[in-house]
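These are the structures, in structure tokens.
Both of the next two complexes hold chain A, though its partner changes from chain B to chain C.
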Partner chain A sequence: MSVSGLKNRSGMARLLPYAFILPPMIYLMVFMFWPLSRQMYMSLTNTRIVNPNRGRFIGLGNYERLIEDPAFYLSLKATLTYTVLTVVIGVALGVVAALAIDRPFKGRAVVRAILLFGWAVPGVAASLIWLWMYNERSGVFNRITELLGIGRFSWLTSTDYALGSVLAVTVWQVAPFVMLVVLAALQSVPQEVREAARIDGADGISTFRAVTLPHIRPSIQLAALLVAVWSIRRFDIIYLLTGGGPLGSTSTLVVKLRQTAFEGHELGMASAYGAVGLALALMVAAIHYTVEQRRMKRMSR
Partner chain B sequence: MFDRIRRRKLLATAAVAALAFTVGLGASETRAQSSEKVTLKLANSQWLDALRGKNLWAAVAKYQEANPNITLEQEAIPSAEFADKLTTEMGAGQGPDVAMMQEGLFYAIADAGFLVDLSAAADGTKLNKTNENGVVDGKRLGVAWQRAVYALIYNKPLIDAANAKVPTTVDELISSAKAASAATPGVIGFTARHQINDFSGWFMDFQSWAYGYGVNWVDANGKLTINTPEAVAAITAFKKTYDAGIMPIGDSFPTQRTRFKEKHAAFSIDNSGGTLNIASGGALQSGDLYAAPMPFKNPGAHQQIFVGVSSHGKHHKEAIAFVKWLVGPVGQQALRDASGPDALATDVPVSDVYSKANPWAPTFVKLAETSRSTLIKGYEVETAQIMRFVMQAVEKVILANADPKTALAEAQSAIDKQF
Partner chain C sequence: MPALTFNKVSKTFGDHSVINAFNADIHDGEFLVLLGPSGCGKSTLLRMIAGLSDITSGDLLFDGSVANDWEPKKRGVAFVFQTYALYPHMTVRENIAFPLVMDAFRKWYHLPIVNIVARHRLMKRADIAERTLSIARQLELEPLLDRRPASLSGGQRQRVALARALVRNPDLYLLDEPLSNLDAKLRTQMRSEISALHHKVGKTFVYVTHDQVEAMTMATRIIVMNKGIVQQVDTPDEIYDHPANTFVARFVGSPPMNLIPASVNNDALQLSGKLAVDHAAPFPSRRHMTFGVRPEKLSLHPAGEGRLPAQVAVVERLGAETVIGCRLMTGEEHNDQRLLEHDLVFVRVSGNPKVKIGELCSLDYQANDVLWFDIDNGDRIFLDQE
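For the complex of A and B:
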């Protein structure tokens, strides 16, 4: 083969990765970065939903209004509380469930299928089923509490229980996903290392902390990151169960965004809410990245 | 010479032939245009209503019989998503040719300049007062589709069984509702919207309570006045009813309507459209359903639906012709047969036969004479945003036992900041 032919081939080889990466990049540009940049720009305008192309540039006006609005802080608080609790409870339950069904036992396949059910059911369908279970008059939960002699509860209309009720549905959906991810990681834990630890006299908890946990930690971290981001942007469950009420106790940023865009018709202001949500999600990703980098450094040492 | 003559003849023949061809083509084009099929898309959430939707569609479909070149097509959107979907579609320059919209949405769409002038459709028709709000900035942008007024409805056999009276005050409503529940186990005393997750329905329903206690929401100068003694009285009355244990707290309104339909509820405050739904196709016979004025001193509210023609549609002329037919005698009669006692664009009386079979209907017809729009005068486009603050105040009162005056003062302060 001639020198020029070789040069051509090496040139082609250099371009090949770009050729592979081009379609997803185009896809992301068209369906993600372009709408995202439009949204960011829109948050600086007074665009209304009925006239999306006629918004006037108003600088940081929407953000100024946000900062002055007490409802924004209530919404931010609801989002953070909901996200943190979903991650903590959802991930903890998911990990426990994964550990429980990691070891073989009779009927494991059936139990695994049942535990995965929550994740498999679409959010809207699940919410509507739970809505009926929470119904004060005819719901199964209040039938049970009445049988127990503790009376009825306003699961979704009381400020004391609404967030907890929404969380229960969310965790029911999220924990199976975490379980699946952690279960996959558990399969990769070398059995011989566990055996060695046990022979050395380590008890169950010590074996878990010294052997199992380091292996599954990256998976737990990844699951926690995904659950956190999904919680920040979750809409269906919250909106269908409480619509953001009572008294704004479940009015997360996404619920507020919908309310601002479609009720108030203020697309510019809604975009500002979206931008805050995006900033939160990026912060979570940054925390994940920092923790992961530190862990990698520790491992390399 | 002969050659020149032949050439001239040839040119003349060609010119005549070309002319004839052009004229012929034009004529055939005109023929094609006149017989060209036009499809008009009509958006309405009511198309999805169990029996009423079918009847309403049958009524408008009569237009097709008289105009075979027009095909009417449904755009059926659930009522909870109707405003979201229509604003999104129209904001993107798309959407139906004709839309049947709630008054608030109608104002928002009109404000955006997405509706065409319907003066031609209204010409020569004696439109009644339900069409007044269809004129925006001096232009007729909408005509009334239906006006559904609110009333107190009740299941007569249940009330009779309890020997309860038809209430004229909130206190009487509470005692009659309790009596009905006590007389027939499992029966709910009173149903009404009461949750913020049903905001758009709840604020419109609540206007009946507010207006019933004399609330205006604006003063004589048009300034928004939320914190008034009348509004405090309205919220206090609602709280009293909420706390009385007569309402199915937590039930969505469709569920409450279904309970009424299945004879599980004694009283409700609902509009004529909702009542027609309750009276159709359920266990409760329409003859057992009665209506009375609401238990308040002043007249209540009505929900109004307007018909508008989208400026984004491709067939304005045909759409306007359809609206003209709709407000004409044939269209109105067809609509009357499917609309129960709802007030229509022209005064088409409810027939005696209908009133006899549906004893609740005449009360609604009577109440429509004095009812008020759910929109705040001068703030039609912003009503939902303003009422969001009001309903949050109501929520604070009923759920957190806040003082109505304090809750309304907070709402007033938030509204003053924003508007």
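For the complex of A and C:
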């Protein structure tokens, strides 16, 4: 082989990695970063849906309107409440389920399949089924409460229950995912360290605290991050069940965004809602990242 | 202080029997080594003593009382795992103090928040803090107390595991191949450290290993096991000098004992087929048997001077001594087309005799250094019983 041929090959080899990452980069550019930057710009204009390309630049006008609008705070509150409760309840239930299913028992495979059901069903289908169950006249929940003698409830149309009803469906969907992630972590807990704790005189709870929990904590944290981000941007369940009502009590930022864009026809304003939602999601990710970095640093000391 | 007694202890996993009717006594204060190849059931035995594995049948007695169902905590044992099994998120200090903290733990400390406060205060309690520090000093871990296991070397982790075992001052130490993850040099060092430790604390040690050097150097008594069955129980010297069967003879010693098939033809001894030897001493009156002699009991001579003519096949120079692998000249060498060397007879000589591979030489032995074994079951044959 000639020297120039060798040089040529090494030149090709140098370019090869770029060739491999080019397709995903193009994909991300076209379908993510370009729309995102467009949305960011749009949030600074008064674009309306009737003529999306004729928006006028109005600076921070949309954001000014946003912070003066009580509906925005209502929406922010709904988002935060919904997110926090989903994470807390969903992760707690998921972890408990994972711990319960980690030890072998009869019919474990069946139980696991049943527990995973909520996660496997598409969001829209699940929401429609739950919509039937929540139905005030003929839903199974009101049948049960009537049988119990405590009357009917307006599950989705009362400001007291709507958010709770939406939460129940969300948790039903989210907990199995958490369970799967935590179960995977549980199965890699080193058996010898557990045994060492037993020899050292730790009882079940202490062994859990000293060995199991530290081992699965990164997985729980990751699951919590994902659940939080998903909750901030969840649309299907909420929109199908309540459409953001009653009186905006379940109108999270994403639902509000849709309403502003396609019912209020204000694309600029909707973009501003989107920007707030994005900022919220990034904040959660930043917290996760900081905590993770700290733990890594502590562990390597 | 517990003296342990195994009374026909067996362990089966499903249909697979790991330990079959194991009988043994472990005396107070001794350093007992369970020696055997991988999968011979020695680790399972250790885990039964610790209470980590159930006993399928038979009794395990601690000082005469049946302890089959005792919780590990009740047995008062310390266990050093092969992988050290340190708590990765705890500092060295917390790792060492963990058994003490657990001893002082009350049920209601499990409550949230109370737990954090209680642990924090227990760690700071004078007796626990002092005990932790003194053990850390003894094992030279003091500068590492605030580090985590991930940042320690293998030898340091090993010492932390030992410190955690020692801190409670238990009566019985169980060590499961604790040195097998260390490099050769560190292993030698830790070997003497553990021996010294046993002398200092004077407690019972049960040590599992597949390394006969560890067994020989550390043990006061060795149990040699194979396939869940005890082969021999004795002191290292006895096991080395008087192995009960060919398994023990081959497993203990490096290089292993030379075992050469022997036969008797017209009252003359023949080794390795056709090599007639003037044994000049009594030998068992059997047709076939195994002739065993330790490598250091053989002597190397120029060709023609010793009773066993041989050819040098392997030379391993170890500095102070040299191990030479020889092929016995039985008169059939020319048919031997094999590439690998089997059935070599090893001689251990001090210094470096400067022999070359392929060189002709001869070997000789003293008749009273020879051990005889049954050719079928491998058991030792005693001359006076014949």
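Criterion: the second predicted complex is superposed on the first by the 284 of 301 C-alpha atoms of A that agree within 3 Å, B and C clash if a C-alpha of one lies under 4 Å from a C-alpha of the other, contacts with A are read in each partner's own complex, and residues count from 1 in each chain.
The working rule: a contact is a pair of C-beta atoms (placed from the backbone, for glycine too) under 8 Å apart; a residue touches a chain by one contact, two chains touch by 3 or more.
Because the structure is a prediction, the values reported are computed rather than measured.
> Report clash or fit for the pair chain B and chain C bound to chain A in the combined superposed model.
Once chain A is superposed (C-alpha atoms), there is room for both chain B and chain C without a clash.
> In the superposed model, does chain B or chain C contact more residues of chain A?
B
> Once chain A of both complexes is superposed, is A:136 in touch with chain B (first), chain C (second), both, or neither?
Touch partner of A:136: chain B, not chain C.
> Have a look at where A:300 lands relative to chain B and chain C in the superposition and call it first, second, both or neither.
In the superposition, A:300 touches chain C alone.
> Taking the superposition as given, does A:196 touch the first partner, chain B, the second, chain C, both, or neither?
After superposition on chain A, A:196 lies in contact with chain C alone.
> Of the partners chain B and chain C, which touch A:19 in the superposed model: first, second, both, neither?
Neither partner.
> Of the two partner chains, chain B (first) and chain C (second), which one does A:109 touch, if any: first, second, both, or neither?
Neither chain B nor chain C is touched by A:109.
> Which partner does A:148 contact after superposing on A: first (chain B), second (chain C), both, neither?
Neither partner.
> I'd like to know which partner A:206 touches here: chain B for first, chain C for second, both or neither.
The second partner, chain C, only.
> Smallest separation in Å between any Cα of chain B and any Cα of chain C in the superposed model?
Here the least C-alpha separation of chain B and chain C stands at 39 Å.
> Quick one: in the complex, what on chain A touches chain C?
Listed in rising order, the residues are 190, 192-193, 195-203, 205-206, 209-211, 214-215, 298-301.
> For a test of understanding, state which residues of chain B touch chain A in their complex under the given definition.
Residue list for chain B touching chain A: 83-84, 87-88, 90-92, 108-109, 111-114, 188, 195-200, 248-252, 255, 381, 384-385, 388, 392, 395-396, 399-400, 417.
> Quick one: in the complex, what on chain A touches chain B?
My answer: residues 48-52, 68, 131, 134-137, 154-159, 239-248, 259, 262-265.
> Would you tell me which residues of chain C are touching chain A in their complex?
Residues 50, 52, 71-73, 77-79, 81-83, 85-90, 98-99, 102-103, 105, 110, 115, 146-148, 150-151, 164 of chain C touch chain A in their complex.
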